[in-house]
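When the chains are written out, they are named A, B, C and D in that same order, and each has its own residue count from 1.
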Amino acid sequence: MATVVFMLPLVGMVLMLILARSDQQYRWWTLTTSIVTFAVSLLLVRGFDKTSAGLQMVDQFDWISGEGFSIQYYVGIDGISIWLVMLTTFIMPLAILSSFKAIQKRVKLYYMFMLLMEWAMLGVFVAQDLFLFYVFWEVTLVPMYFLIGIWGAEQRIYAAVKFFLYTMAGSLLMLLAILWLGNEAGTFAVPEILEQLKTGDLVFSTATGRWLFLAFGIAFAIKVPMWPLHSWLPDAHVQAPTAGSVILAGVLLKMGTYGFVRFNLPLFPAASETFAPYIAALAVIGIIYGAWVSYGQKDMKKLVAYSSISHLGFVMLGIFALNSSGIEGAVLQMVNHGISTGGLFLVVGVLYERRHTKLMAAFGGIWQAMPLYSGVALVIVLSSMGLPGLNGFVGEFTILLGAAGSDAISWWFTPLAALGVILAAVYMLYMFNTVFMGELDKEENKRLPDLDWRELYALVPILIMVLVIGLQAGYFFEFMDAKVGDLVRDISLAVAAGR
Amino acid sequence: MEASEVSVELYVLLSAVLFIMGVLGVLLRRNAILVFMSVELMLNAGNLALAAFARQWGNGDGHLMVFFVMTVAAAEVAVGLALIVAIFRTKQSINIDDLHMFKD
Amino acid sequence: MELTLFIIVGAIAVLSAAMMLISENAVYSALFLILNFACIAFFFLMLNAPFLAMVQITVYAGAIMVLFLFVIMLLGAERIMTGDFRYPWLTPAAVILALVFLVAASAAIIDGDIDFIEEHKPDPYVRAVHAVIDAGELDFYLDDTLIASGLAYEDSSDFELWTEAVDSRHTVRLFEAGADPASAEPLGEEIVEINAGEALSFVAVASGTGDMDPKLIVATEDVTFNEESGTARVVAVNALAKWSSVAIVDKENNTTLIEDLPYGQASAGVLLKKGKHSISVYPDGNDQNQLAVLKNTEFDDNTSVLWVLIEERQEGNTFESRILNIETSGSPSFGSPTHVGRLLFTHYVLPFEMVALLLLVAMIGAIVLTHESLAPREPMTRRLANPPAGLDQPIIGKPEK
Amino acid sequence: MENYFDLVPLVVLIPLVGMLTNLFFGKRFGEQGVAIVAVGASAAAFLIAVILWIAQVNTGYVPAVIDMPVLGDWINITSAGLRIPWEFRVDSLSVTMMLVVSGVGTLIHIYAVGYMHGDSRFPRFFVYMNMFLVFMLLLVTGNNFLMMFVGWEGVGLCSYLLIGFWFDKPGGVGWKNSDAARKAFIVNRVGDFGLILGVLLTFWTFRTLDYYKPGEMPAAAHHEEAAYEETLFAPDLPEDEHHETATGPIGVFNQASAWLEEGDHEVNFGVISLSLEATITLITLLFLLGATGKSAQIPLFVWLPDAMAGPTPVSAFIHAATMVTAGVYMMVRSNVLYHSSDLSSFVVAMIGATTAIVAGFIAVGQWDIKRVLAYSTVSQLGFMVAAVGVGAYAAAMFHLVTHACFKALLFLASGSVIHGMEHGHHHLHEHGHGDHGHDDDDFDPQDMRFMGGLKDKMPVTYWTYIFGTLALAGVFPFAGFWSKDEILLDSIKHGVNDGYLSGYLAFVLLLIAAVFTAFYMWRQVSMVFYGQPRHAAAEHASESSNLMTRPLIVLAILSLLIGLINIPSGFPILGWLLGKHEFTSFLGHSVTFAHAGSFNFLLATMAVILALGAIYAARALYNDKTLATLERDPLELDERTAEAFALANAKLYWDEFYFKYIIWPYRNVAYWLAEKLDWEIWHDFAHERLIRDPFNRATQFLAEPVDKGFIDRNFDRLGTLVRRVSDRMRVIQTGYVRTYALSVLFGALLVVILILLPVLRELLGL
C-alpha cells in the first residue's frame, strides 16, 4: 500500500513523458498525478490503525543481499511518517499549481522534476531500510538542484551548487554511519536493527553511539537547517522558483527533523539523551537568531527563509525534549511549518509574479489593491506567527509544553524559546505591515490584479488545513500517540539500561 | 533405432561444405540479395547438421531447433528483404559495396 | 543403396550451391538455391525427419524463396554492375580462409574423436494398474507424488512422464482411495529402481488366492517403439498364486510366447506380429490345463501390451483365472509430425511463443521499413567530413545540375 | 433550566455566522444588510447571554460545562496526559462577562452603523467587530486556560485589524495607524509570552488546564477568612459533596485549594522541583505579565493610547469596555491562585495602583479627546487590577461592569463629538468659508483645542457626556461611585484589617488617582463643551444621527443605574430597597474569594467631596476666559505646574524610553545580524573567503601545475601514441560490409580452431 502511494508520482511521470505532448498537457498531467497521489494517500489515513505503534502497510522484500548483509526494499508508514507523507502529497499539487504561469521554459523537464521530487520525498518518508532511505535522501537532491539551477533567479547556479554541496557533505557522513551500522547488524532494515539493539544482539560502546549519532545528526542538522549550518537556506530560497521554495520549506527541510525522530532517537537513545541539551541550546539560538535576523531583512523571501530557521528551531527543541508532547508537537509542527511557510512562499510568489521583485520596500498598502489576496496572506502570516486557533500555535504550544516538562533539557530553554513567539510577531507583522498595510503610495502597485482562480485554488487548501489543524489538532495527535508513546518509553528504558 | 548406412559424419561433412559455400557467397558476392541467399544457405547447412545429430542422439530436440531456425530465418528474410527494398529506394542500388556509410 | 543416394543427392546439393554462387543472374541463383533446399529436404527424409522435410519444402523452398524471387524481380536487380572494388585481395583471402575453415572442420569431423555415439535416453514413464480383486479404489504414490488416484479395479492409469530424479531407488506405495499418505498405513509398498528410457507399470495384484492384501509387481515396458515395425510388444505379469509358474502360448501358430513365468514376476518383452491372435495360459509344463484364454484378439502394431494374469471371484466363492489385456499405443515414431508437435507443445511452448512473437515483430518491422512515409523519395546526398577523391559527388540519383 | 446551558456555544457561533456571512456576502448586502446581520448577531448573542443568566439564577447557580458541538478535542496527547477539549463554561462569572460583552457590544454595533456610514469598507468593519465578539466571548466562556488564550490572542488580532482599519488614510496617517496596530499586537504579545509560560507552568503543576472539570464545583474559601464570614458566598452545597467531587479528576483551582490545604506540596516536573506556593507565585506573576499586556498596565500600557487610531466605536468597545478587561477577568478567574500568593497580590496591587495614578497624571496633559479617555481607561483598569491585588475580586468585577458602561458611553460620545467636528469641517469646505484664519492642514477633529462651545450644538451628546463624566468621577449616585468606593474601601480594609502594606499603599494611590480622574474629565468637558467655538469646524458642528445618539442615551441611563446592582451592606434605604450586594453574591457562586464590600460613610463622603473638589478646580482653571484662546494649557502657563504638564504631555517619555533602550537596539542588532554577522561574516566571509577560496586555490594548484603540467601532459603523450597507432589501424575500418564479414569469418575460424585444437593437435601428431 505504501508502495502504491509513493510510486504513483513516478508512474505518472513516466506516463507523462510518454503520453503528454504540449506544455499545457504537461501541466495538467502533473497536476492530476499529484492530486491522484493525494487522494490515494488519503486512503492511508483511512486505513491507518491508530492504536498500533508498529509499521503499517508494509511492503518488504530482499533487494540486494549477500554474505552477512541484507538490503531490503522495506517501506511502511507509522504514526510519525503518515503525516509527513500526507504533507508531501498535500503540498505538491499546490506547488505544481503555483508554477503554471511562472514556469514557461523547459516545461516538460520542470514537471518531470516535480514528480521525481515528490517520488523521492515520499520515498524518504516511507523507507524503513537505511540504505533505501539513503538512496531516496540523495535522489531528492537532484531535482531540487535542477529546480534551483534552471528555473531560479539571477544567482541560481551559486545557490544550487551551495545547496548541493552542503547537503552532500552532511549525507556522506551519514552514509559512513549507515554502512557501519549495516555492517555490524548484518541488515540495513531499521526495525530489525532496533530489535537487535533491544535484545542485546547488537551492542556498541557509548563513544561509538555518540559518533554515530553525530554522523547522522550532522547530515540531518544541515538539512533542517540548524544554526549555524543554515547558510545555504537563504540562498536556496531566494534563488529558487516559487514552487521550489514551497517544496524546500514545505517538505525538504522536514526530512532533516524527520531523520532525527526516525533514526537518531531510537537508534542512539543514550547519545540522544547526552546531546539533548546541546542540541536544544542550538535550537534555541536558532529560534532567536532566526527571528532576529528575519527582522533585519529587506527581501520577503529571505525573511521567510530565516523565519524557517526559527520555526525549525522549535521543532528541534520539541524533538530533544524527549517526551511525548515535545515529539508529537514537533511532528505536528513539521506539518504546520510545511503548510504555513509553504503558504507564505506561495503568497510571496503571487506578488513576485506581478511585480518581479521581492523587496518589501517596493510595496505598501497592497491590501487596498488586492483585498482578497491580503486576507489570505493575513491568515497565513498569523498561522506562521502562532495565533491560537490556527495550526502554528498548537505545535508551538505542545513543543513548549514538552520542553518545559522535559527531563532531558534544562528549564530555561522554554522561556527563551517562548521569546521566539514574540519575535515571530515582530518580524511577521513587520513584513505584513510594510507590504500589505499602510498607504498605497506607489503608482505601480495601484493596478495590481487580485488573485485569479488558479492562485486561489492553490491557497485555499492551505487556509483550510491551517484551520483544521488549528482547531482539531487532537485528531492528528491521535495518529502519532501510540508510536511516540512507544518511542519515548523505549528511549527512557534504553537510557536506564545504559544503551 | 535402425542402423544407417550413412554415418552422421558424412552429413556433418556435407553440412560443413555447404556452410563454407554459404560463407564464400557472403564474402564474395556483392548483390545484397545474393548475400542474403548465401546466409540462407548457411542456415540450411546448420539445419542439416542439427537434423543429423538429432537422429544420432535419438532426441527430438534437434528437430525443434531446426524448426526454430527456420522460423527465425523466415522472420529474418522478411525484415532483411524489407531493408533491402528500403535501401534500394533511397540509394537505387543493392550493391553492398555502395553501402559503406558507416565510415566517414 | 542409402549411401549411394546420399552421394548422389549430396553431389547435387554441393553443385547447386556452387552454381548459386557463381551465377551472374540472381534469378538463377535463387533457382539453384531452391534446388539445394530440395536436396536438403531429401536429406531430412533420410534422417527420419519427415516433418522437417515437409516444412523445408513448403516454407523454405516454397515461401521464402518465392519472396526472394519476388524482391529480385521487383527491384529489377537480377544483375548488378560490378565496378572497381577497393580491396582486390578480399577474394583470395576469403577463399583461403574458407578453405582453411573447411579443412579444419573436416579434419575434426572425420578423424576427431568427437563422441557421436553416446545415446541420450528420454525420461521414464510410469503408470499404475489395479488388479486386486475385491479391493476398492486405490491411490498410488511414487515417493510422495500421486501418480494415480481413485483407480478402479481392472483399470490402469495413463503413462506419465517421471521427471524427478532417476537411477535411484524409489518407493511405490498404495493406499485406499482418499487416504492421507502422511498418516495412513499403506496397503502395499515396494521399492523400485527407475532408469531413464524405461516405461514402468506398477501392477497391484492380490498377494494370494482370495487374499485382498495387495502386492506390487513392476513390469518394464517400452512405449517408444522404435524396434521393428508391424509388431506389438507384450509383457506379462503373473499373479496366479496357485501355480508356481505359467507359460503363455499363441494358439494361432502354436508358439510359446513366454515360458516359465513364476508367480509375482513380470516377463521380458515379447514381440507379437500385428493381427489377430488367440492366447492361452497354461501352468508350466502342463499343456492340458488351460487356465485362461484370450480369443481372437486383434493386436495393432506400435502398441505395448500388458497381460496381467489374475484370479477372479466367481459366484459361490470360487476363483477363475483370467487375462487382463491392457494395450497402450506407443509414442509416435521419431521425427514424425506428431512427435515434433508433441515436443513443441510440451517442452518448447515458451520458445515457440517467443518465436511467434518474433515473427509478428518482424512482420511489423517489414511493414514499417517499407512504408512510404519512412522512405524519403529524394536521393540522398552523401556528406563527407573528409571526402575521398571522387566521392564528393552524389552517388545516387541524378546529379543536380 | 439546565438545558438552556446547552445554548452557550451559540453565544460564540452566532457572531461567527454573522462574521462569515458578512465576510463572504457583505459586499452584496449593502450597508443596511450588513448592519442587520452584524447587529442581529450581536443582539442574538446578548439574548442568549440573558437566557443563560436567567437559567443560572433559576438553577441555583450551578456551573455547567458544555461541549462544543461538531468539534472533537482540540489537543489530545494521551501519552503525555494532555487533553484540551473545546468546552464552554457557564457560571456566574462567565455569564457576567457575556452580558457585558454582548450587551455593550450590541449598543456599540448600533452606534457604529451610524458612525461608519459611508465608509468604503463598511462590511469589513462589521466582519471585524463580529469576529471580535467571537473571540471575546470565547475568551470568557472557555473552560480552560488554553481556550481563554485563543480568545485572548484572537481579540488581540481583531484589535490589530481594527486599529489599523484606516491603514489607507493618506498623508502618512495610514502608516501611523498601521504602526499603532502593530505596536498593539506586539506589546500584547509580550504579555502573551508571560501568559503562555504561566499556562505551561500551570499544566505541569496541576496536569490539567481546565478550570474545573465537568460536574465539579468551585471549592469554598478557606476558613481562616472568618473575618468575612457573613459576606462569604460559597456555593449552596453541603460540605460532604465537596469531598465527593474531589475524588474524580479535578480542575486547576480545586486542585490548588486541595494541595494548599494539605500543605507542603512539592511540584516536580522535568528538572524543576519547587514548593507549590513558589510555583503558584510564579504562575500568578506570569499571568500578571499577560494581564499587563492585555489590560494595559505598567509596563505594557503604551499600546492603548496609540490604539485610539482605530475608529471610535472600536475604541469604545475593544479598548475601553471589553477587551482590555480580559486581564482583569483572567485574574479574577484565577482568584484562587492569586489569593494564595501574597507576593503576587502585592505586585498586582502595586502595579494596578501605580498604573492608575500614572495614567491619570498623563491624562491631564493630553490634547486629543480620545487620548484623554484612553489614559483614563488605563487608569481605571489600574483600579480594577489594584482591586484584584487587594483581594477585592468582586469589586474588580463590579468596577469592570460599571466602567464598561460609562467608558463606552464616554468614547461613543467623544466619537459623536468627532463626528460632529468632521461634519462641521466638511460643511466648511463645501461652503467655502475661507475667511477663517485657521490653516486647514493643521485641523484635527480629535484635538480639543479646536473644539469648544459644543454644548449647544450637540445637546444630547453633551448631556450624556456629563453623565459619563460624573460616573467616571465617582459622584453619587452614578455607577462609578459604587464601584470605585468599594475598591477604595476594600483596599483600606486590606491594609487595616489584614495588615497588608499593599492595602495602604493602594488606597493612597487610588485616592489620588480618583482626584486626577475627576480633574482631567472636567478639564475635558470644559474644553469640549464650554466656552466659545475655537475653530470654524466647531462652529458648524451638529448633533449626530439618532442611530448614534440613542445608544448614548441607553448607556447614560446605564451609567446612572448600573451601580445599583451592588449596593454595599450598610448603605441606608437603598440597600434595603434593592437588596444588598446582589452582584457580589451572584459572582460568589463562581469566584471563590469574592467578598462583599461594606459601606463606610466617612470614606464615601470624602471620596465624593474630593471628586467634586477636583471638578470645581478644573472648572475654575478652565473657565470661559482661559478657554477662549486655548493655544496653551493654563497649567502650562503657570510656572509651578509647567514642568509637570510638559511631563504629562510627553507621556512621561515612556515610549521614548522603550524606543531608545529596546526597539532601536533590537532593530539595529537585527540589521547588524542580518547584514553583517549572518551575511557578510558568516555567509560571505566564512563560506567564501575561508572555505571556498582556499578550496579554489587548492584546486587551481591541482589543476594547473599538477594536473595539466604533469599528469595531463604525460597522458597526452600516451594519447598521441594511441592516436598514431590508431591512425595506422584505422585502415581496418573500411566501411565496406564485406571486409567486416571477412573479419567475422576470421574470428569464427579462430574460434573453431581453438575448439578443435586438441583434435587438430592429435591429427597433426603434435
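A few notes on this one:
In the analysis below, a contact is a pair of C-beta atoms (placed from the backbone, for glycine too) under 8 Å apart; a residue touches a chain by one contact, two chains touch by 3 or more.
Just so it is clear, the structure is predicted and the values come from calculations on it, not from any experiment.
Comparing chain pairs B-D and A-D, the larger number of C-beta contacts belongs to A-D. Here the spacing of chain B and chain D, counted between their Cα centres, is 96 Å.
Our note on geometry: chain A versus chain D, Cα centroid distance of 32 Å, whole angstroms.
Each chain gets one centre point, the mean of its Cα atoms, and the points for chain A and chain B are 64 Å apart.
One inter-chain figure worth recording: chain A and chain C are separated by 68 Å, centre to centre, where each centre is the mean of the chain's CA atoms. Each of residues 23, 27-28, 30, 97, 101, 104 in chain B touches at least two other chains. Among the residues of chain C, those in touch with two or more other chains are 90, 94, 98, 101, 105. Residues of chain D in contact with two or more other chains: 734, 736, 738, 742, 745. Pairs of chains that satisfy the touch definition comprise A-D, B-C, B-D, C-D. Those residues of chain D whose C-beta lies close enough to touch chain B in the complex are 733-738, 741-742, 745. The residues of chain B lying in touch with chain D in their complex are 23, 26-28, 30, 96-97, 99-104.
Remark: chain C residues 1-3, 6, 10, 13-14, 17-18, 20-21, 26, 29-30, 33, 36-37, 40, 43-44, 46-49, 51-52, 55-56, 59-60, 63-64, 67-68, 71-72, 74-75, 77, 79-83, 85, 90-91, 94-95, 98-99, 101-102, 105-106, 109-110, 116-120, 122, 226, 334-335, 339-340, 343-344, 347-348, 351-352, 355, 358-359, 361-363, 365-367, 369-370, 374-377, 379-380, 382, 384-387, 395-397 touch chain B in the complex.
By the touch rule above, chain B contacts chain C in their complex via residues 1-2, 4-6, 8-14, 16-18, 20-25, 27-31, 33-34, 36-38, 40-41, 44, 47-48, 51-61, 63-64, 66-68, 70-79, 81-86, 88-95, 97-98, 101, 104.
Considering their complex, residues 86-87, 90, 93-94, 97-98, 100-101, 104-105, 107-108, 111-114 of chain C touch chain D.
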